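Take a look at this one; I'll ask things after.
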Amino acid sequence: MKIGYFPGCSLHATAREYAESLGVITGPLDVEINEIDDWACCGATSAHATNHLLGVALPARTLALAAEQGHEQILAPCAACYSRLAAARRAVDNDPATGAAVEKAIGRSVGTARPISLVRLLAELAPKVREKAKRPLEDIKVACYYGCLLVRPPELNDLDDVEAPTMMETVVKATGAKPVSWNRRLDCCGGGFSLSRTSSVVRLSRTILEDARGAGADVLVVACPMCHSNLDFRQKAIARRSEGGMDIPVIYLSQLVGLALGQDHVALGLGRHFVSTASFISRIPGPREGESAAATEVG
Amino acid sequence: MSIPESAAPATLAGEVRRKTGLNPATCYQCGKCSAGCPMAVETSLRPHDVLRMLQFDDREQLLSSESIWLCLTCETCTARCPNSCDPARIIDCLRETALNEGAAQPPRNIRAFHNAFLKQIQRSGRLFEMGLIMSYKMRSGALFADVMAAPGMLGRGKLALAPSRIQGLEEIRRIFDACTRHESDSTSTTTAQQNPGTEGAENA
Amino acid sequence: MNEATAARPSSEGEAFEPRIVAFVCNWCTYTGADLAGTSRIQMAPNVRIVRLPCTGRIDPLFVVKAFERGADGVIVSGCHPGDCHYTAGNYHARRRFAVFRETLSFLGIDLDRLTFSWVSASEGRKWSEIVNETTARVRELGPFTSYRDLVDEG
Amino acid sequence: MARIGVFVCHCGENIGRTVDCEAVANACGELPGVVHAVDYKYMCSDPGQNLIKEAIAEKNLTGVVVAACSPHMHEKTFRKATEGAGLNPYLCEMTNIREQCSWIHEDRDAATAKAIDLTRFISEKIKRNSPLAPISISLERRALVIGGGISGLQAALDMADGGREVVLVEKQPSIGGHMSRLSETFPTLDCSQCILTPRMVEVHQHPRIKLLTYSEIESVDGYIGNFSVKIRKKARGVDETRCNGCGECQSVCPMKKIPSEFDAGLGNRTAIYVPFPQAVPNIPVIDRENCLRIKGMQKKKAKAACGRCAEACGRDAIDFEQEDTFVTEKVGAIVVATGYQLYSIGKEQTRKGITGYGEYGYGTVPDVIDGMQFERIASASGPSGGEIVRPSDGKVPKRVVFLQCIGSREPSKGIEYCSKLCCMYVAKHTMLYRHKVHDGEAIVFYMDIRAGGKGYDEFVRRAIEEDGAKYIRGRVSSIQREGEKVRLTGFDTLSGEQMEIDADMVVLATAMQAQPGIESLAQKLSVSYDGHGFINEAHPKLRPVDTNTAGVFVAGACQAPRDIPDSVAMASATASKVLGMFSKERLEREPTVAGVDKVTCSGCFHCERACPYGAVERYEVLNRSGEVEKVIAEVNEGVCQGCGSCQVACPSKSIELEGFTDAQIFAAINAL
């Protein structure tokens, strides 16, 4: 399976480990991701929050590039990038006036490429993840965190439901780990206010982390660099305000899948998180010695 | 076709309807959007208050309000609105209108962030986090925020040291110009000095 | 040829306003049109409704005669399949007009001037949309003159 | 030569405001054949109708055209007036210049021109109308009622007391409908069973009511006065003649854990069961999906499984081999009273275009129930014997939150109408709860309280003022399980506060929807229904309990959300309509039927194939010596419904539908 790949700005810097882990799991899952040449930033919140057409035109250019470079589908691991690409696709398809204005602005036709979120892609590959899992993560309890832009607004949602999605849980079960049931899965973590209004981020992310801890999660799994930085990078500040501190490792879904596929945790970038993942990794059995990958039988 | 009074062209609601196709009069003030709004505790105008003021054309108070800038665009209100009024899209449009009419009064940090963010895209096509943080600090004056984090970021290889420029930078500039011009054609007032897109370009 | 139609305003002064005849069934579309009336849904004034008990009663020759007598567009509308007051009238109509379409185009009538639709008794708004869309489409196509020229020469 | 009178109505200002009625009258005055053309403010009024009568007399008119409202409104009125003046009523026709002209256009010139055109059409058509005499047809003076809820029961009783035979068909094993599941009823709080059970017994014992329970309508043929209805009596597995309702079979049945539909899934029942203690008839029915014996038989197993109920039955009434049987009933009128179903917040929906409530967990959050489930909990015959306890752990809830408008008034969920009575039963629920749990707290999230009936608002005020129900104006964004509690995130738009409430139980006032499968029943009766599956009444004010199909009437919540008092009143209204219809020996029917021209008919019988009613019969033309010369078609006037499909199918145009002959239609088109 060949697919276009739109990393987005943060996967080259603050979210490097997301890109690294993605890079090492696509091979075993027989997915070839080809980075779109000369992609630009999708504008995230700042573009559409201040100028509707800008918020659609920037991602539309990426759709056009992907189409020109022969990609029908574009994997957008970052939830915000996925949402903006989907918004551009929908605007061009459903609103001729905006479509015309966009094509005038980007100076080329948008083509027919469509974005797909990483959660959707991994859910579709879940049987393969289960089959290829070398290191089933039996007793690891995982809190799946979707946030907003993976599931809302409803018309851009590419998962199975807006209010009760299960695709992340499907992937987590495929790795052998056990998803816990908790309430804050779809709440907002504070998103783009990470720098400009950190107090809101701390308040919102705290309720999320406390709920995950209350549900007995060993690790919080996310699929969005903004959520990750708010829940991981800001966790120290949250720990000061939450009685009993806070020490839940926050990792990307691709890292969890990588672990299950037996990839080395350094290659997965598990060392790059602010909240140490050491204790969590130590509890994971190494790949079954001596058994070849094919023979591994997963419960 | 007679458009209901509350959304007549001359009113702000009429303008919102023309730009977004959404009719603020469909909101029957049930409060479900504000019930689910994560920023309701920090704002004076919650989503249903915004719709109410639109229905009664409180133009100045609405466009100059700080609340419309404290929206996380998390789309919870839009996902659960019984009448599909799409408050998120309406609030997006209000911010844009406020900027175009020079009435916008976002909190300094948030204006700084948006401007820094968009200027970064214009400069290199992609976000260069170090550049973003520097540019944000200059504009917001929050010089010491997260300073302690820098070593942690560097140590974990999370800070690219140089921006990665794209070839199609000219295209990006053209997109920004087209979108800003598109703004001035469609808004009643011509001046667009407040729009961050252009401001970023001035003192590149 | 009725004098009234001869003097129809086609002089340059006034813009072209199409004359459209609608053959509708009494139980669904006619009642739907009444509902649009009671709800005061405004629509283009170009359509003249001829009431028939059922679309099964609509003879394709009516359509041809309407064009011959100066109509620029024709609408045929009745109950949704399954809803017919006479159980099967609209099925007859569907089959007849599926076959008759080719003959109509063979007779020189541009099929874009024809609208077939199902409108139930509770779809007042849908009826107004069909009236407005057909009027706009036929206005764009311009007056249907080919039949009247034949009649004038004959 | 035709002598036509044209009468243009102003209808007050309904027409006069946008159509220049005088101009229409003058324009039609010049039409060939029109000898009298006037306009008048109110044609349907007494003086208006006299204008017609006087004109007919003075100018001995041969045709009357009334340009006014829709023929659906007053065609009968003006035809009666015409007949009153001695002119055949079918020589009077209407032009619709109100609903289809003045009300939908604002441009006065265009509307006036259109009104003139439309009136000219009918003036040309009327010249070709021929006088018709109404057809008299036989009338089977028996009625069929579909649905045994309170509406069906009331209609059946009224008609039976009016001296007519009634066949009552009920899909469930017992009559009683949703009302039998209610605890108390507003606004008087009298117990639902006390009002309903005597009614059910009365129906069961009424000499003129034939009760067919656990039965459904298979097919409906015929027309007003002469319906022939095929009814499927589903196999109960119990012989009704032998069973005396002792209940032994139920006590021995091993399948004890089947969720009871009557208790809305809160209680359990056995595989052979009587839905509720006061069921009428008090005869059990075997649930074919869960009975071990029948499942074994279906899988053709050699050894017969279970069968304990048969052994326990002292009267040998159990019959596993019982098959569905069919009964055909001849009736003259049908009353549709099939009731409603509640909207469910689940992900799977029974109706197209409706979505569930993901934000409330699609029904997976424990202790979040709907109004009917609360009624069952509060009901003495309910799973908890009337004690208010919550389903998850049976504890008495100390704080119950009621949410109004769940599904109703929500276009985003696919239902835009208000279900009218939830405001009333939620207030009732708060009272029932507070009367039984004195230290309990009842909170209601509402948008607008709609309590418009007699004594209704006072009832709601009593719930608030005396029984201490706390009403919060706002809605809840999400419902989630938080430990032992149900966490609601709501908003109070009056105080402007966002709030999180931890409740012990949540009751959702869900919307009233049409029954699933109503579309297929409506199509069998060829009755029209709206986008939500509610049956369309002929006219909301003029004929509210008729449908557009002659002889078929509608009562209760199957026509629109409706509470018990209105349903009973509407049921009695349908009964009076049917009894009125049955007051005559024979029925007079619209004479717009087809007729065959014996000379030109070649006997190809295309018309016979096109006729949905089989109204075309064979007529043998004999020569002088009595031999059959040729066989041609002939229309049975009684059976023909006047759809006209035959006319278009006839290659030689030998069959014509009176009132819509080719000559008439072409005349109208020629006047274009």
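We call the chains A, B, C and D, going by the order they appear; numbering starts again at 1 in every chain.
In this section, contacts are C-beta pairs under 8 Å (C-beta built on N, C-alpha and C of every residue); 3 or more make two chains touch, one makes a residue touch a chain.
Quantities reported herein were computed from a predicted structural model and do not represent experimental measurements.
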(message) So, comparing each chain's Cα centre against the centre of all protein Cα atoms, which one is closest?
(response) D
(message) Contact counts by the stated rule: is the higher one at A-D or C-D?
(response) C-D
(request) Indicate the whole-number Å distance between the mean C-alpha point of chain B and the mean C-alpha point of chain C. (result) 49
(message) Rounded to a whole Å, what is the gap between the Cα centroids of chain A and chain C?
(response) 55
(message) Just the number, please: Cα centre separation of chain A and chain D in whole Å.
(response) 52
(request) Could you put a whole-Å number on the gap between the CA centroids of chain C and chain D? (result) 32
(message) Two-or-more-chain contact residues of chain C, please, as numbers and ranges.
(response) 42
(request) Quick one: which residues in chain D touch 2 or more of the other chains? (result) 359
(message) Two or more other chains touching the same residue: where does that happen in chain B?
(response) 76, 79
(request) Name, in rising order, each residue of chain C that touches chain D in their complex. (result) 2, 4-5, 19, 21, 27-28, 30-31, 33-34, 36-38, 40-43, 45, 48-54, 56-60, 62, 65-66, 69-71, 79, 82-89, 92, 96, 120-123, 128
(request) Can you check the complex and tell me which residues of chain A touch chain D? (result) 161-164, 183
(message) Applying the document's contact rule, which stretches of chain D touch chain B when the two form their complex?
(response) 359, 405, 409-413, 447, 473-478, 489-493, 496, 498
(message) Applying the document's contact rule, which stretches of chain D touch chain A when the two form their complex?
(response) 347, 357-359, 361-362, 364, 480-482, 487
(request) Would you pull the chain B residues touching chain D in the complex into a rising list? (result) 28-37, 40-41, 46, 48-49, 76, 79-84
